[in-house]
Amino acid sequence: MERHDNRTANELRTIAITTGYITHPEGSVLMEMGQTKVICNASIEDRVPPFMRGQGKGWITAEYAMLPRATEQRNIRESSKGKVSGRTMEIQRLIGRALRSVVDLSKIGERTIWIDCDVIQADGGTRTASITGAYIAMVTALHQLVENKVIKELPVSDFLAAISVGVLPDGQEVLDLNYMEDSTADVDMNIVMTGKGEFVELQGTGEEATFSAKQLQAMLQLGEQGIQALIDKQKEMLGSITDLVN
Amino acid sequence: MERHDNRTANELRTIAITTGYITHPEGSVLMEMGQTKVICNASIEDRVPPFMRGQGKGWITAEYAMLPRATEQRNIRESSKGKVSGRTMEIQRLIGRALRSVVDLSKIGERTIWIDCDVIQADGGTRTASITGAYIAMVTALHQLVENKVIKELPVSDFLAAISVGVLPDGQEVLDLNYMEDSTADVDMNIVMTGKGEFVELQGTGEEATFSAKQLQAMLQLGEQGIQALIDKQKEMLGSITDLVN
Amino acid sequence: MERHDNRTANELRTIAITTGYITHPEGSVLMEMGQTKVICNASIEDRVPPFMRGQGKGWITAEYAMLPRATEQRNIRESSKGKVSGRTMEIQRLIGRALRSVVDLSKIGERTIWIDCDVIQADGGTRTASITGAYIAMVTALHQLVENKVIKELPVSDFLAAISVGVLPDGQEVLDLNYMEDSTADVDMNIVMTGKGEFVELQGTGEEATFSAKQLQAMLQLGEQGIQALIDKQKEMLGSITDLVN
Amino acid sequence: MERHDNRTANELRTIAITTGYITHPEGSVLMEMGQTKVICNASIEDRVPPFMRGQGKGWITAEYAMLPRATEQRNIRESSKGKVSGRTMEIQRLIGRALRSVVDLSKIGERTIWIDCDVIQADGGTRTASITGAYIAMVTALHQLVENKVIKELPVSDFLAAISVGVLPDGQEVLDLNYMEDSTADVDMNIVMTGKGEFVELQGTGEEATFSAKQLQAMLQLGEQGIQALIDKQKEMLGSITDLVN
Amino acid sequence: MERHDNRTANELRTIAITTGYITHPEGSVLMEMGQTKVICNASIEDRVPPFMRGQGKGWITAEYAMLPRATEQRNIRESSKGKVSGRTMEIQRLIGRALRSVVDLSKIGERTIWIDCDVIQADGGTRTASITGAYIAMVTALHQLVENKVIKELPVSDFLAAISVGVLPDGQEVLDLNYMEDSTADVDMNIVMTGKGEFVELQGTGEEATFSAKQLQAMLQLGEQGIQALIDKQKEMLGSITDLVN
Amino acid sequence: MERHDNRTANELRTIAITTGYITHPEGSVLMEMGQTKVICNASIEDRVPPFMRGQGKGWITAEYAMLPRATEQRNIRESSKGKVSGRTMEIQRLIGRALRSVVDLSKIGERTIWIDCDVIQADGGTRTASITGAYIAMVTALHQLVENKVIKELPVSDFLAAISVGVLPDGQEVLDLNYMEDSTADVDMNIVMTGKGEFVELQGTGEEATFSAKQLQAMLQLGEQGIQALIDKQKEMLGSITDLVN
């Protein structure tokens, strides 16, 4: 059974990753999954937030936003509204947690890694593309600390990528939903996984629907395949830095 | 292996549910899971939010808060801070989505069911206790609409409860974590499930840790047992209304 | 002439005071005046606000809130609105001032006593019930400091309670108005008084009405009787601590 | 016993009232009580706030502010802080309530009278000066409606003025406290009274102090004298309009 | 060709400057340009904002506001709206920049000069009147520092005034537009200039219109004349302090 | 005399304009001036803001933002701060005014053209690059309305571009300052001009410095040259649409 863009159920969209995209950040990636485009920047700040001070360890935090016209309909800017939406908060908390799971914060000193994921064009899967792209930006920034002899070794224990899976109205489980699929799906699940195939985060939601244990297993299997392909791509982009991850 | 409060791995805390707790709301429940106490009120408003108007269907939305001293350390009130935290937003979005999954919104007319979950004492598992208690408050309020002949039948397709499961630092998977367990656990997972055993929501997180597919299966099994027990308790509290759910 | 709930003009509603209501706070009281129910928690923090630092003395501050459905109509949460209403501010300033009038702040060191009054069910007189209940919670918390030998003696100079009085549309002065009376009264007056019968606060308001000197005297007399009864109840609840107040 | 500025206990400060102070408002008064100077403007808007619509009656609402350097120390602007303080809210609610008590809102149609009291120089008693001055501005604006034949008669039932009284640390009750007295007084009471000598509002506060029934009577007597003098001054300023008030 | 208020194209409105207008500030001026009236207060604070600390130099910052009824239509208070408008921000940034251009900040120590410009009556040209009046208030405040031997000499390098010029719909360039002219003008330009005739700020805007190089020159010439007259007035008001400016 | 990047005083940086940059907006341009990169999107909304309704004409409004790491130091997001800075407000008001000056709003019906300028990399001149790029995006969007026969003709009266000029510390007037020049310049001036060479906006500022009439003329001359080159580039990008502008 074919999807509306001719992909098979377990087929990812075209992946394009541009490193060094913006000049100033210590790590900068343009992450493209089909028509979804996210600028992922990693910045290093030489201090930690108040609640972390004096512990001799670092912190990783993420912010996520969309350009107003990243979507079909223009959205009001969150700066104009004067507050960040619940959706945005959920996503930025997710990105931060995911990245922290593979970094040994005790090895980066009292530094904060700021991850900024700015969606310039959205077609579904922006939060998972953000995590996958931000991982590369973060590793690049941390590697720069190693190069500058600020820290001794790359404090990254594994690769990390994310993908969405879901169940379409016809009952078909599919990988990497685009916006059209996402907006009609019965079930939507985001999976964050390491290079060793361990789960970091699993968020499955049946909005006005439910899903069975069997459907869960099918989605997990699709997700694992997708993540493995994304991690292969990450290794390719990171080149020789790949060997420093462990 | 015993837990610090002498429970076995698959043992729920003592459940106490008081219905009709507050006078004014259409449904009101004091939900207690061990030392966690949540007032769950359901209010019916005869209109829907702007984005729903004119569709002839209803809406369910939830708000969640803690009294400042529900916890060991006093928290600053969100009204004083002037904004709702990301954690609060996540939880209230979760409660709303969960409840909407078992209600046929097209059968309640242009009405909003407001669910207010106010934690007066917290000892872990406040979001899952909120969902389990709010379900009863909501069904009570909807049943009142039936009694008052405002709607014809109870538009509730199934029972619904939620529970937390997790992995302790010693690797043991456990059910219904209290605060002491939750704050040290490697993995924390919240499961929302229907009476038929279908998943509504699955949120597993390994903060600075990961979990394997095997651990996931063990947690899902514990969760299913816990939810079945909670739903039995819900049926007991709802009495004759139980038969109207389907 | 009889009131709508059969009370006489100088009759208080049924008083119920539960101490030790919530586990975590240093002092916790559920204060009930008829159908009005307020959770009054006292928390001790080992520092004072910036404007008090370095003076070697303490501070008492109060916050007041209502659950959204404490009232007949659901109110929007102040945390959702992003600001605290003028009414709430007035009440919490009143509670704080009242309690400070009977405590020797120079004897508690640089500590803040946080008073949280959360109305879970409202039927008129919530601010006066808050003061009367918060007094007990505060004394309990201060007594714990004495027990723990943090301070030498209970720094409380007198008992303190509050009650509302008013003039009904028929011209009758009455004590302890419930919501139905309060919403139609010509005059509403809140009185805060010490055990020695001294005034701490007097706030009389004739919204779209006025009151004469004679009516004022009648209201003051009713208020004094009511407060004496409340203070008797406080003494009963505080038991042996009662003797330490002076 | 003499006060620090040589006034006797029952002596008001020099009163100066300038009408027609600002060009645009329908009523505009510069109210001076000694060194306290308040611009009181009354504006008429041809609609009422949402909660009043469709009732065929009007509304009176007040706003109060201080210039940042009205006081000895510069205060941060409330517009810069992004919120109005509790003190400001209390005062503007008081001014609005007081003025509404002498106006028949059903006779002004669906109109709002906006009262703006802006303190340009503060030396104690700003809220009572605001009420006394705002009364004149309001009556002027309402009279203009009569002149323009928008309404038939002046819907004002009585005169209205306000003054502060208090107890100094030496136990002396005094009238019309300036800032130096106010900041050290044991008791501070604001009285709003009509031309007929009826109370509209009574707010007595003993911050870290209390007051006896006898002191209360002494303060009320001083207040009544002061208010009578202020109302005489109001009549003088209003000239022939005076006869229309009843 | 005559203007609607009978002025010639290069004629200023009547200027009235009252010094020492408010008691508390170190410098206080009531600046009147025709019907435009602005209270300009200068306050000295013995510290600088965080971004300036430790540099041994001072800072000048300005705030600008209007009373709600300074204008024909009542405006909502910015404190009630909870935020400062873009227009207000532009104006206060302009005033601050302008004043800083003639003060040697390295000679005033770590002090902040707060400039508060509060428009009590508006008839066009409020921002330029604010600058011209604030200059006098600021110099007065700085001179007081000299008098009190806090600083050695007046750190003011030149006089400074501002005026508006514009092009009316009939093509006529005019000086010092009042509100009626300003609201219909094709071009509006604000000029800030020193006593030596150097530009400090030039802001010309053609809302839904444009202007030629020739019109620009004509406006600049008018502006220069106006500013010279304003500076003559400033010298007169500052009296003997005038000689200390250089 | 050479500039630090080897440009001559009247030399623009390399201009790169990519049209159709983002898929969803009706007009989308990536505008690059040297290292400054701005995404300029134009969106058409079929209604106008409340203050414009019922007049049968349209509106153009602009929003401007920077990615947090568009600059050398990471800036806090305005959505996180909960408010838009004064600088941002100034810039977006400037962009909106500038674009409105060349569009006949009465010919676009009750529609709003939203202009979003998002700086993804900043190296000086972001506001002028925004105007120049937004002009193309806006014309593209308006042309689409013509193509879709929603409006009859392109309601654009002229070309429009903007550039910065300034005076370096050595007294040299220069065109198109980059960040290093801008941050040290004595004078900074932004010029917005039409294809016919008329001024739309002129904003010259001497922060802690002043400028003479002669320097002003030199800057205006440089600006005019720069703008002419930019408009040539605009014509090239707009191709056949160019002929519809008049």
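Order of writing sets the chain letters: A, B, C, D, E and F. Residues in each chain are counted from 1.
One rule holds for everything that comes next: a residue touches a chain if its C-beta (ideal position, glycine included) is under 8 Å from a C-beta of that chain, and two chains touch if they have at least 3 such contacts.
As the structure is a computational prediction, the values presented were derived from the model and not from experiment.
Participant: Which is the least count of steps on a path of touching chains running from subunit A to subunit E?
Facilitator: Tracing touching chains, the least step count from subunit A to subunit E comes to 2.
Participant: Common contacts of subunit B and subunit C?
Facilitator: The common neighbours do not exist; no chain touches both.
Participant: Do subunit A and subunit F face each other with the same patch, meaning over half of the contact numbers show up on both, or with different patches?
Facilitator: Same residues, largely: of all residue numbers at this interface, over half are found in both copies.
Participant: Tell me which chain's centre, taken as the mean of its C-alpha atoms, is farthest from subunit A.
Facilitator: Looking at centroid distances, D is the chain farthest away.
Participant: Report, in whole Å, the distance between the mean C-alpha point of subunit B and the mean C-alpha point of subunit D.
Facilitator: So the centroids are 51 Å from each other.
Participant: From the C-alpha centre of subunit A to that of subunit B, how far is it in Å?
Facilitator: 28
Participant: For subunit C and subunit F, what's the span in angstrom between their mean Cα positions?
Facilitator: A distance of 60 Å separates the two centres.
Participant: Pull out every residue in subunit E that's touching 2 or more other chains.
Facilitator: Residues 82-83 of subunit E touch two or more partner chains.
Participant: Counting only chain pairs that touch, give me the topology of the graph as line, ring, star, complete or other.
Facilitator: Basically the chains close up into a ring.
Participant: Beginning the circuit at subunit B and going via subunit C, which chains come one after another?
Facilitator: B, C, D, E, F, A
Participant: Can you check the complex and tell me which residues of subunit D touch subunit E?
Facilitator: By the definition above, subunit D touches subunit E via 22-25, 28, 35, 39, 41, 43, 45, 63, 65, 67-72, 74, 77-84, 88, 114, 116, 118, 120-121.
Participant: Can you list the subunit E residues touching subunit F in their complex?
Facilitator: 83, 85-86, 89-90, 92-93, 97, 100-101, 105, 189, 194, 196-213, 216, 220
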